[in-house]
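Quick one: structure below, then a few questions.
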Amino acid sequence: MIRRRAYVIAGCIVAIMAVLPLITGDDTYTMRLLLISMVWGGLALSWDLQLGYAGVFNLGQVGFFVCGAYASGMLTIYAGVSPWLGMVAGAAVGGLIAVALGMACLRLTGIYIALLTLAFFEVLGPLLTVGRPWGTGGKSGLLPIPPLSWGGQPFSVYDPLQWYYVALGLLIVSMIVVVVVVRSRIGRGFIALRDSESLAQALGVDRFRSSLAVVGISGALAGLLGAFYASYQGVLSPRLLGLDLFLFLIIAIIAGGVGKFPGAVIGAIAVTFVTDSLRPTGTYRLLILGVLVVVLVMFLPAGAMGGLDSATARIKRWRTRRARPPVVDVDLKEP
Amino acid sequence: MTMLEVEGLNVSYGDIQVIRGVDLTADAGQLTAIFGPNGHGKSTLLKSICGLVPATSGIVRVDGEEVQGRPTDQLVARGIVLVAEDRHLFPEMTVMENLRLGAFSRAARSSEDANLKLVFDMFPKLADLRRREAATLSGGEARMLAIGRGLMSSPRLLAVDEPSFGLVPKMRHVVFDCLRQLADNGLTVLVVEQSTGRISELADQVYLIEDGAVVFGGDTAAALQNEEFKRVYLGQGPGGVE
Amino acid sequence: MNWRSLGDVLISGVTIGSVYYIIALGFTLVYGVGRVLNLAYGSFFVWGAYVCWALTAGFARLPVIVGGLIAVPLLFMLGVAVDRGVVNPLRKRPEFDFSVLLATLGLAMVLDNLALAIFGPRPKALPKFGEWRLELGGFVLSAQALIIIVFAGAFAVALALFLQRTRTGMSIRAVAQDPTGARIVGIRLNRVYALTFGLSVALAAAGGILLAQRFFITPLGGWSILVKALIIAVAGGMGSLKGTLVAAFALGMLEAFVGWQAGLLWVMPFWFGVLLAILLIRPHGLFGAAGRRV
């Protein structure tokens, strides 16, 4: 369920991001940070859709991102496919693998889902490394991946402006997809399941089918973003499957508010800048992030959007208390 | 001094209030029967007295000591024991293991062997079944085990929720007679039952709970004279008379 | 077929299998009793090895056995502290399952990077227990392998006896089978949760120390262990002691075989394939039932 103000916030984010390049001007570093934060925002959103709304313990979302990235990368390098088509391919691959994984485990309880997706996440790295003879580039990485182009001209390596607006477009797409799913019958089905599993099932809500749909769509979204990422970075390596990105996204989701659109995007932007500012701490960065996760889960589980919810609820209570008319004491038990 | 004193007990599950301002007393040596329609809070009342479900407000006093809000293990240590309607036996443990776990609390440990003998005397069938896994027991056997396990905790106050449910009439008599005997031995026994009949004969006092509140509370003779009581119970269909 | 090597591989498989057994046990225990999916399990595994290393080769010079005997109880206490401080407070929340997943993930990050910061990224080795070997008809059994098998076996037997015979052990099984029933007989749930968590961490640490007899210790080495422990637990049937035993040895040997024939890089894909097969064919595992059995 998405409250109206969530749409307003989402709209503001898009509007602000659209306008920011005018302010940052020549500061390509900040622009790149904003750019990548939008990619992570979309990815975090797609993950939050599963974790927060559908309650699916999918730990392999980054894997779908990487699969889409590699699929697109390999197609554009070896088959000369246009990177735009590569993005479509990335979405398809991400979605298909997600569905395949989902079919194997979504009928079972949470721990099995977590296990299979975690195992998938763990095995993807080694698979890409041994896949060197098949063109994955192995440990040293897949490169050079052709950049997107427009009107015959490839996007500039130095000026991120064109990339920026494509990323913004992808973020908008992600938001739209998530909103559509949450408001659809599938989304409402999950709310029903949360309130009363047996009643919902009696009414025809099929948890397996709905979860599969959500996982597939989220996987496709991740693959799409991955393909863009591949083209933007120009190079891919299995190190993407390290715990950095994984943890980063988790923090973004928690910080923004699990299952509270568009918290994940806010979280992603915030965490991008926070981790960037933590760069000087070097190896301690992950340590600090880990502590942050624990602290957030224990003390601020509702994240930023949740904080907003409780703040407005408190204001509302304060308002009604002041406005209440005097109560007339009526004794209903008068004989 | 009264063994059990409940004053103004209120219990809510979330927003739904289940127990409203219940007052109840019971004494050592007394068998107290608690009746009432299903879903009106009888089980919750017992669970709340025995510390399994927290009360929103009110006082529960056992032997003069206030125990509401205390964690279950402290209540068990003081001899306040519940035999729940759902039994909650340990399915993959044997009858013997279940019984031994009944004597888990430190207070009950010293009397473990004596209690075991008592339980087997009362329910000889359990002795035969001692090596069987609890999950394989029939309904009646499981209920015996649940009561037996409760007895292993050396209770001073034993609260039994629907002891006769699912039992054949002969077993019901056995169980009720056992509860009467326990009361005669000095225990404070609370029994929640759906149907009246035999148990109301054996009980010293009776409470009627409707909608989470006490509608009637007094000794059995008075109950059988009371119009309300007779209306609710003796006017009832199949479940009313044994 | 090189029979000599096959023999070595088999011994290797049995050795590793025995360690996998106690590691899988620890995981099953904490899940079956406390319903906790402890993503930091691998990190505790590594920390067990690191603490032992610190006591034997790093900062002090104690003999390996003493180091191990000190490290395991230390990690047990750490486990109890983590349960009391992080996991148990989350229990009252309706979204406990998910929260504990995230919290232990954060914890894993903290532990891994703390290890990295303190001990550095270079792999460490525990001093060898002994240099002697046993020759059996052409096969060589190193002291390491023997020690691992013996200790793992001892831990497993001790745990089984503890759970079956002692009052505390029975209380743990009780909580796993029916938490409300446990409360009714006066068992303190929080105490059991903390104890079980500590026990599982101790098992992970013991596994880490034993495995460090053969492999190097690295800060991130725990993740593959976590996944393997999970897979073995699932393969054996969540909570079945017998199933976990069979699964641990079977998969340990298969892993050794795969590593020998196809190369080490194929080991993780092998595990993944096993998991996929299990989930598709028989998710309840070898001996699993619908209920839990500890």
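Each chain carries a letter (A, B and C) given by its place in the written order, and its residues are counted from 1.
Following the convention adopted for this analysis, a contact is a pair of C-beta atoms (placed from the backbone, for glycine too) under 8 Å apart; a residue touches a chain by one contact, two chains touch by 3 or more.
As the structure is a prediction and not an experimental result, all values here were calculated from the model.
Seen from the C-alpha centroid of chain B, the farthest chain centroid is that of A. Centrality by Cα centroid goes to chain C.
The leading chain pair by number of C-beta pairs in contact is A-C.
Averaged C-alpha coordinates give centres for chain A and chain B that are 53 Å from one another.
Averaging Cα coordinates per chain places chain B and chain C 43 Å apart. The mean-CA centres of chain A and chain C are about 32 angstrom from one another, to the nearest whole unit.
For chain C in complex with chain B, the residues that touch the partner chain are 167, 170-171, 173-174, 177-178, 180-181, 183-188, 291, 293. Within the complex formed with chain C, the residues of chain B that make contact are 50, 52, 71-73, 76-77, 81-84, 86-93, 97, 100-102, 104-105, 108, 149-150, 152-153.
Every residue of chain C that touches chain A in the complex is listed here, in rising order: 31, 37, 86, 89-90, 93, 95, 97-99, 101-103, 105-114, 116-117, 220, 223-224, 226-227, 230-231, 234, 238, 265-269, 271-272, 275-276, 279-280, 283.
The touching residues of chain A, when paired with chain C in their complex, are 51, 55, 57, 104-105, 108, 110-112, 114-116, 118-120, 122-123, 125-127, 129-130, 243, 247, 250, 254, 258, 283-284, 286-287, 289-294, 296-298, 301.
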